[in-house]
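Here come two complexes built around chain A, the first alongside chain B, the second alongside chain C.
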Partner chain A sequence: MHHVVVERWSRGASPLHARDARAKLLVLLAFLIAVSTTRPQSQGAFPAYAALLAVAIIAARLPAAALVRRAMLVLPFSATFALITWLGGDPLRALALGEKSFLSGLAALLLIATTPLPDLLRGLESFAVPRPLILVIQFIYRYLFVISEQAQHMRLAARSRGASFRASAGALGVLFARSWERAEGIYRAMLARGFDGRFPAFGAARFRPSDAAFLLLSALAPVAIRIAL
Partner chain B sequence: MHIPDGFLSTPVWAAFDAGAAPAVGILARRAQRDIEERSIPLMGVMGAFIFAAQMINFPVGPGTSGHLVGGTLLAIALGPSAAAIVMTAILAIQALVFQDGGILALGANVFNMAIVGVLAGYLPYRLLRNSAGIFLGGLASVLASAGFALAELSMSGIPFPPRILTVTLTFFFVGAILEGAITLAAVRAIGRLNPSWVRNTNQPAGRTLVVIGAAALILAVAGILVASTHPDGIEILAPAHSPAWLHAPLADYQAHGVESPYLRKAAAGVAGLILIYAACLAAGRSMRQRSARPAPCVSAGVNPDQHAPRSG
Partner chain C sequence: MKVIDVRGLRYRYPDGTLALDGVDFDLEAGECVALFGANGSGKTTFVLHLNGLLSGEGSIEICGMPLKRETLPHIRARVGLVFQDSEEQLFMPTVLEDVAFGPRNLGVPAPEALARAAKTLEQVGIPASHQKAPYHLSSGEKRRAAIAGVLAMRPEILVLDEPTTSLDPPGRRDLIRLLAALPQAKILVTHDVDFASSLAARAVFFERGRIAAQGAVEEIARRFNWRSQPVESRDRR
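So, the complex of A and B:
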């Protein structure tokens, strides 16, 4: 499955990987807000934002071509609405829509490609995201692979028998039943191991002076571009 | 429909982020109360199930197929609060890991699909408690989510010419019917395996609730249609201006005056949202009153006629 690649990227080693998740989250927010509020008329700003991302990709030692290809996943949606805007008589705005959505998608991808999801979620938790939501996200991410594989087997089985609406509903029902029973088993196992509503973290995250410096400099760059260009 | 970053204007995404954050906080607390201790693993695994279930194709006619969206099915199995949290978690993973939907637009996406989508899917089921309710739930869930997404994009100044809007709405309507049919088929299949997984549907509902439910549903659909078609009617009359000012901060709204067709468009959109919200609130309140009472009382409760003048 294709997000295995991102998972591998996020375990890499680079100055950007080493930064605290909270600092990276705040920098991403600054970047996204700067891009989002840029006027379509300020076309000069978009190459500058792209240059910032290029520097980050190089610093993170990530394969640029693969990253860009993944970020292009956003383009079908963007292209559709950009086309509508173009037909609506505003080509400049249409261009800006495409540029903004692509740059924002690439920036978000950079965050997840340099930060393992558990670290990212711990960072989000310290920004007061409700703990049940964090735990549910962790569980979904953990069992996504497992249950998707089951679903793929069932899809293959259904195809080889000849597909029908009823058969698909039956497959869905069985998948639901297996998932539900799995959840109950997991809960019992967690109770037996003394789960107290919190996953143990290996090595507490520390916000170091280098993280503060990174946050200050990197968050300032997109803001400066937004104001200057 | 996951809205990526860059499409919503600053006031729109900021407002929806500000609104969705406390709503998710409240829902998280309610969800934990509703399905007790085992909630977290159950919610998590069922979230992974919804992700995986979207891979199973449902053949409809030659060469086409659809798949489950899942908000209604989750609400029926886990209750609306837990379903909303699971959908929020799914949207967060899609935005963070799969670049499907934006980060700044997450509030709007959560509002459309996790809050409105789940509520619109749960309400008909809760009121009718039969197959029709499940089908209408799936239908209303997709229609409401898509309608809100269109309204948000439209408020952000993406122009929707009437012809494109007609095509889009037709597309959504077909998708909504499909979601209703798939949800119903799935709930039946699950019920055959273990009836306790889908919360009991054999209690008959009072007539008042049925009427209120139908009224709320019609109102919701009418509100969406008004919100998304009416402003475009205005747009045909007015010459198309470049809506670049929508990118400016909120203060510019006043500066450009009430005469702007875009402001009226936004106002029509907001009015639609408020209308639907009020309908949901009224229906929810009457439901709570009912469940607090030991015996069903048909004559009491909210009079559905009081909504009637607004829907025209």
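So, the complex of A and C:
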């Protein structure tokens, strides 16, 4: 399960894991703006952005190949638009589209692989992201586990009876009905323990001078690449 | 002193099924009662009312407080409900945060809630699980973590729905020892007569949404033939 692996990665103990979620969010924002505004003709900038991410992956002590594989999941989506652009007679723009989406996906994945979700959500909350949105993210994340667990159980049950579990409409219907039931149970258990629509925070995050230094250096690097190349 | 006083409780599910049909029930402080009855007899529906998760007709008083919308937070702090499926009760990223979830919702400051959670995990015998993700625990550990999540709220009443489900015999013995040491009043929803008789003096038998009988655990088990019987050898293949 992808999210289980990423959840495990996010609980690591590297210098990048130790940085405040707010600093990492701002760095990601700077990186995404720099990448998305880079002109297709500035092809030299993309390897430089990739080098920045490589340094971050090494600093985070994460398995690079696994991370890159997961980031490549965005490519089928962007490839459709890239293909249309290519067919429209602009191969350089099509190439840049692929590069930009892959680098953006990798950077976002790097953030969630180095920041536990509760910290990330607290960071978003401090940037005044609406609470309902944060709540939805938290529930989606929790229910991803629910749905994947249910799917695994159903797959096992199907295999034990000599069948293969494919994503047929019927199987998907059963999967979602069972997941819905489970989600109801989880919500009830939360209410029973006093949940009032607000996830409790555990420990106030402190923004240290090292976080400020990280923010300054890491946000400046992609901006410098954007301007220089 | 009565900690639970239920009078004339009736509940109908949205599909029209009458699940509870005039239930009267009380529980004294420190008492342990077992709820027996066939699947679908209304046991679980009944206990969901004690925490305000379902609301039917009739009256419910918890520790002298009538159960209504305004008193719900106080009642949920007093009635700790351990669900049949521990998986549903463990939803935070780490076991420690999950156990501290209830106290934090009660307004306990984060450091105190985490310290309380750590102490409770020690009490239930899984002190090393703090930073583990709940899905990495064994079934027995999940059950203990779920109980810890409720105990950390320091409730006056503990309600456990099928607590021995998916526990192996040593896990079941440990659970009996753990529950026997807890001073709270307890309601055990169970089919396990031996488990019930280890902890409870009184049993209540549910039948089609009503309390059919109550009395000593052994007497009720005998009267309703509720103990598992060994299968005759000629029936075995």
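Assume the second predicted complex is superposed on the first by the 178 of 229 C-alpha atoms of A that agree within 3 Å, B and C clash if a C-alpha of one lies under 4 Å from a C-alpha of the other, contacts with A are read in each partner's own complex, and residues count from 1 in each chain.
The rule we apply is simple: a residue touches a chain if its C-beta (ideal position, glycine included) is under 8 Å from a C-beta of that chain, and two chains touch if they have at least 3 such contacts.
This one's a predicted model, so the numbers in the text were calculated from it and none came from an experiment.
Using the contact criterion defined above for the overlaid structures, shared-chain residue A:153 touches neither chain B nor chain C, since it reaches no partner.
Using the contact criterion defined above for the overlaid structures, shared-chain residue A:142 touches chain B and also reaches chain C. By the touch criterion defined above, A:117 reaches both chain B and chain C. Shared-chain residue A:193: touches chain C; no touch with chain B.
Set against each other, chain B and chain C differ in how many residues of chain A they touch, and the higher count belongs to B. In the superposition on chain A, contact is made by A:87 with chain B only, not with chain C. Contacts of A:182 after superposition: both chain B and chain C are touched. In the overlay built on the shared chain, the residue A:11 is in contact with chain C alone; chain B does not reach it. By the touch criterion defined above, A:37 reaches chain B but does not reach chain C. Within chain A, the residues touching chain B in one complex and chain C in the other are 117, 142, 182, 186, 190. Chain B makes touch with chain A in their complex at residues 2, 4-8, 10, 13, 24-25, 28-29, 31-32, 37-49, 51-53, 55-60, 65, 68, 77, 85-86, 88-90, 92-93, 95-100, 102-104, 153, 157-161, 164, 181-182, 185-186, 188-190, 192-194, 197, 240, 242-244, 247-248. Listed in rising order, the residues of chain A touching chain C in the complex are 4, 7-8, 11, 116-118, 142, 145, 149, 182, 185-186, 188-196, 200-204. Contact residues on chain C toward chain A in their complex (touch as defined above): 48, 51, 53, 73, 76-77, 81, 83, 85, 87-89, 91-93, 97, 100-102, 104-106, 110-111, 113-114, 131, 133, 135, 149-150, 153. Those residues of chain A that touch chain B in the complex are listed here as 3, 6, 28-29, 32-33, 35-41, 70-71, 73-74, 77-78, 81, 84-85, 87-90, 92-93, 96-97, 99-105, 108-109, 111-112, 117, 120, 130-133, 135-144, 146-148, 150-152, 154-155, 158, 163-166, 168-177, 179-180, 182-184, 186-187, 190, 197.
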